[in-house]
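Listed after this line are the structures, all set down as structure tokens.
One chain, subunit A, links the two complexes that follow: it is found with subunit B in the first and with subunit C in the second.
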Partner chain A sequence: MTKLVRLIDQKRCMGCRACIAACATENHFTPDAPWNVMVEYEVGTYPKVKKVFNTMNCMHCEHPSCKMACDRVGAKAISKNAFGVVTIDYEKCIGCGYCASVCPYGVPQLNKTIAQLSPGKEKLGAENLDYADRHPTHRKKSNTAEKCTFCTHKLEQAVADGKVDRIGKDQAYTPSCDLVCPTQARMFGDLDDPNSDISKRIKETGAKQLKTKFGNSPQVYYVLEEGAVS
Partner chain B sequence: MKLARRGFIQGMGALGAAAGVSLDAVAQAVKTAKPVAKGKAAPRAPLEVKHIKSRCSICPNFCAIQGNVVNGVIKTIYPDAEGVEVYNHGICPKGVSGMYNTYDPFRLKKPMKRTNPKKGPNEDPGFVEISWDEAFELVASRLAKIHADNPSKLVFQWGQGKYLIGDAFMKAFLSAYGSPNGTHRTTTCEAARHVADELTWGYHGHIPDLKYTNLLFNFGSNYHEGEQSSRWLDWATAQGRERGLKVVVIEPRLSNCAAKADEWVPMRPGKDVVLILAICKQLIDAGTIDEEFLTTMTNSPQLVGADGHVVMDKDGKTPLVWDAVTNAAVAYTENVKPTLKGSFTVDGKPVRTAFTVFADGLKTITPQYAEEITGVPAADVVRLAATFGKEARIGEFKEVDGVKLRYRPVAAYTFRGLAAKEFGVQSSRSALILNSLVGAIDSVGGLLLGHVNNHPDYLEPAKCEYPPKRADMQMSVFHPNSHHNIAQQSNITILDPKSWGLEYEPEMQMFYGTNRPMATSNSWEQFEGMTKTFNVVIDILLTETAWYGDIVLPDKTYLESWHNSPCKTNPEMTGIVSIRQPMANPYNLEHDATSILFELSKRLGLRDKYLTACNKTWGLKGIVFQTGRDYTPREMVEVMWTSKTKKDFSYALEHGFTAKKKDVKGKYLHGVEHVFKGPGKPKFKLYADHMIGTFEKVEKTVKANNITRIDLAKYKIAYSPLPTPDHAQPTPHREAKDYPFYLVTHKLMHRYQSGNTVNNVITNQALGHDLDTNYVVMNVVAAKAMGVKTGDKVVVETRVGKTTGIAKAVQGVHPETVAISFHYGQWSKGYSPAAKQGTWINGVLELHPDIPSGMNSFNDTKCKVYKA
Partner chain C sequence: MKKLLTLTLLGLSLAVGAAFAADVAPKKAAPKTVKVTSKTKSMAELGRWHTIHKTSQKLFCDDCHGGGEKDILYLRTGEPQGSTGPVDRKGCITCHQAPNEPTYYAAPK
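== the complex of A and B ==
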């Protein structure tokens, strides 16, 4: 089996937000519906102060609350595939917003209006790419929930190219947030392979999942900065 | 460039539809998925996908990038995987989203001319679009007129333009034209640090050997939020810390560097030199110094007379040392054993070794004194010094690739935060001296220097030119060691050229890729200067500088144009040559600065002279630009690539660059070990005796020419051969007694200085609303005492003027300090509303340039803060 997980090392993260910009350009960001966010905060009291830089995309939980809520309301728009990737089918989403309400991590974004990046001006850059030429997860719709997909369009391409073993290694098959980090604070790979770089790294760093009390069992692990709240 | 036609598989939604679906089923679904066909819609053509290797040019990291272009649109920018071994492992948010500096509805697309002759922030220029032909005719005719009169009356200023096409083209243009007035931005960056290097070891540029450094003291280097070499420094420090590197950041604000450090030492702004000298004293008192290094590679043993000059041999040029063998003052030749410390008599006159002069000068700089001045507790000063001395491992060696090398795995590293001050040179020199005390120069784990003694004239008294030839006063009596132009000076000189001794009045300025006034201090003086000249501005946006333009010419961005790009490497690599190649041209722009300069040179009848000058400024040999023909930008880049690499241009198009690995000798043994070590060689100048010589020249020139602008007492302090506590007291600290807060400025990772990134829709909207504005950052205790809370609108008042901003009360700033970033508060109409948010601080910063280097001071101002 292949269980794709992400590792974010807060000790290495310098808070530059390149990963957030990468997600935005890769995934056709529309205003006020980011799929990757930075939560930064101080810990300590002057002069003993540090800062925590915590980026959060979707946790792609093993027991996703969003999917449970979506199934319960009958929309069944949220699914989890063989890699563990949790995705939203925009055609099935009814825009109820329950997924956003129940997620312990505040991940799903109910995108009320698909606004242009530069309102009142021309479309810019990738906004000009026709919806029909985009991956379904990039065909944003108003009043529809959307969120990080682990760049599933790249993972699917890896499958199509017979390069599943290159996921997390080759840029074409790695979520964009994980490949731009200047300090290599992020990794992506197969946790089901004990010899994978990410499996070894999670083990050697003792990386943790966040908010485990909710029982979601997220597929994102964090090396916590000194003073960070898990 | 790689081209792929990828049959994009629409209808991939089926892929995730079934929960728990197996991988085989996923693969099958992908392979068999068909395009979604609605009604009688035609099948979609496969996407055209190109992967283009190039260089980012937003900042002087020049990261290797790969642009992924889908159907002609730059969709994403990744770090170039081939570039990892050479420099950058990733790219910053500006680089990631750099295509949105290209895709910007506010871009300049056509040449414009001004119809309202009045210039001011509230004067609408009345720009009208004109054709390129008319634009060239207007510019060339004016240039021709000035050329016939006095070519020096043209001033050409650039900033980011150097990163876009390299300053060699501008220098060549000016050389062909006959004007000396070309000015880059370095004095708004870190010029004082370069000059400190140059006055100490004869060239500039140093970087810590982070593969092996165990302890890094960081004074004012902010690689996690800005600055040169940061794309390697940020990775190397993260990597090093996992290996055991300890990072101590000494600065007034909890920068992102301080946030990641093992220790943040808050300190009053501008007082670094006192802390560093106090640490030096502790090391000397404890005997934790590398005597071998100091004796054989620095001028520490040279004998200094009561007048401060080094005592010379009968030839007048060879410095004397005290020989421990013969007990006499002799030249340092074979078999002489120089004495490091002591006082002696030579020809009946008292002398001391330069080292003793330095040590004697530190007597009063006790930990307690340092605490009083810097705010750093005395116990911490003692501890930091002891740690630095211990970790320096003086006397140890390490074998690297079979070569036994000095092992001194500590480095005191500095950058702009330390240098951008009235005493930037002396402050930066103090850190170089600290490193030299323990021998952590060109050692394994220490500070690695650039081309040592590449400019031996920097170790001699400066020229002190008067009357000045250049409008920016470079190398003049006013700033004798301003080796890197003086960015902010031309607009000041233009206001009253005669008072500076300039024998002509500049009439025309060209500005390329620079928003000069916005990026200096006391900025309104800069704008005033621009009202006196006919201004031609080449840029991508209607910046504030363009607002004062008479002719505005649209430029291409770095993603639209060709260049033989500058690059950075990590300490293990060398010999890099790189190109930049265009990925798109969405607005169908006809020209970039390369072709603009070429066309102007043609219209002036200077084309061949320009091409000959280009060969010289680009250092081309063998394969060169030929006269008698035109060149497109691509053709020029091809000539430069093949000349420098002897490789076919197809290699450049496919890989973007070439580089090679340094061997261990190249890394450690070609610097001070080769150039300075031992008898009869020049020396690393711990004691910069030549600065006294420069001051004496200044004094003589001032008196001979009755120059009233120069306060000799100030110049004497600035030209001290050693850093002293005087260099911790810039003018505002001494004079602005009613202004209780120190005001510091800093960069941020998601924007850049010139104003050419501030319209970026991704960095403005996707990174988080906490970045919508910058803030007046204050310590929570200080804010509370004033009744100020986060979110309050406050006034920041300096002796120059007032501005307003939104307060943010934090733990992470020294209580006596207010920190306001750059990059916000643009006011030109050429910007989006997002760019206009926040506080533009430069307009209220006091300007007291560093006297030797001309460095613009950014971090010396004092201010009041109160609720609006």
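== the complex of A and C ==
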């Protein structure tokens, strides 16, 4: 089995937001519904204070609250695939907002209006493609829920090319946010492979998941800065 | 005369048979289908979500809203949830964590 996870090292992150810019361009997320957000806060007391940069995107939980709520509603628009990636089918989404209301991380976003990423300027990334030519996760519709997909269009390409082992290594098969980090604070790969770089680094650093009391078992791990909230 | 009698008997038996069949297999009522839409399931203040929490669970606005702003680990930091403030999901696990139904949160490991 392949269980794809992400590791974010708060001790390395300097809050540059390159990951957010890369996601915005790759996935054309709109200001109303960001797929990746930088949460920053301070810890400690003067004179020993630190700034914590905590980028947040979908945690792709093993027990996703959003999927449970969506199934309960009857829309069944949210699914989790064999890699553990949680995605939303825009054609099935009814825009009720239940997923956004139950997610402990506030991840799904109801996109009320589809706007150009840079209004008045040239189109970026997927915006240049015709609607029909886009990957289904990029065929945005107003009043539907959206969120990070672990760049599932790239993962699907890896499967199609028979290069699942290159996920997290090759540019074409790795989520854009993880590619652009200038401090290598982000990593993506297979946790089920004990010899993968990410498995080793999670073990070495003692990386933790956020908000474990909700029982969602998120697939994003954080190397926490001293005093950081988990 | 014989023909007429045979036809009458045949007609009678068909009628009885049909009635008997109707008794044995009563017509099933067509299943009531309700299309799920954002109108039937809604987060609006007077929508299903809020009505259930307000009437069945007897919750007041402040029981859920307010307090959420202290929890900074939200991807969405400025929740547009009315003047009473964002919801802290900690309150949700009281009723919605396994084994409670409807379950939205698994039991913590």
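The rule we apply is simple: the second predicted complex is superposed on the first by the 219 of 230 C-alpha atoms of A that agree within 3 Å, B and C clash if a C-alpha of one lies under 4 Å from a C-alpha of the other, contacts with A are read in each partner's own complex, and residues count from 1 in each chain.
Note that a residue touches a chain if its C-beta (ideal position, glycine included) is under 8 Å from a C-beta of that chain, and two chains touch if they have at least 3 such contacts.
For clarity, every value in this text was computed on a predicted model and none was experimentally measured.
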item: Partner chain(s) touched by A:Leu210 [first = subunit B, second = subunit C, both, neither]; value: second
item: Subunit A residues touched - subunit C or subunit B, whichever exceeds; value: B
item: Which superposed partner A:Ala75 touches (first subunit B, second subunit C, both, neither); value: second
item: Which of subunit B and subunit C A:Val107 touches, first, second, both or neither; value: second
item: Which of subunit B and subunit C A:Val49 touches, first, second, both or neither; value: first
item: Touched partner set for A:Val37, first subunit B, second subunit C, both or neither; value: both
item: Touching both subunit B and subunit C, residues of subunit A; value: 34, 37
item: Sites on subunit A touched by subunit C in the complex; value: 34, 36-37, 39, 41, 54, 56-58, 63, 65, 68-69, 72-75, 94-98, 100-107, 109, 143, 210-217, 229
item: Interface residues, subunit B side, partner subunit A - complex; value: 8-13, 15-23, 25-27, 30-31, 35-36, 41, 44, 47, 66, 70-71, 73-79, 81, 88-97, 99-100, 102-105, 224-225, 231, 234-235, 238-239, 241, 254, 256-257, 259-260, 264-266, 749-750, 761-763, 765-768, 770, 779-781, 810-813, 815, 832
item: Contact set on subunit C toward subunit A in their complex; value: 36-38, 41-43, 49, 72-77, 79, 87, 89-90, 92-93, 96-98, 102-109
item: In the complex, subunit A residues that touch subunit B; value: 1-2, 11-12, 14-18, 20-26, 29, 31-32, 34, 37-38, 40, 42, 44-47, 49-51, 53, 67, 79-83, 85, 87, 89, 91, 117-118, 121-122, 124-126, 128-130, 132-133, 135-136, 152-153, 156, 159-160, 164, 171, 176, 179-185
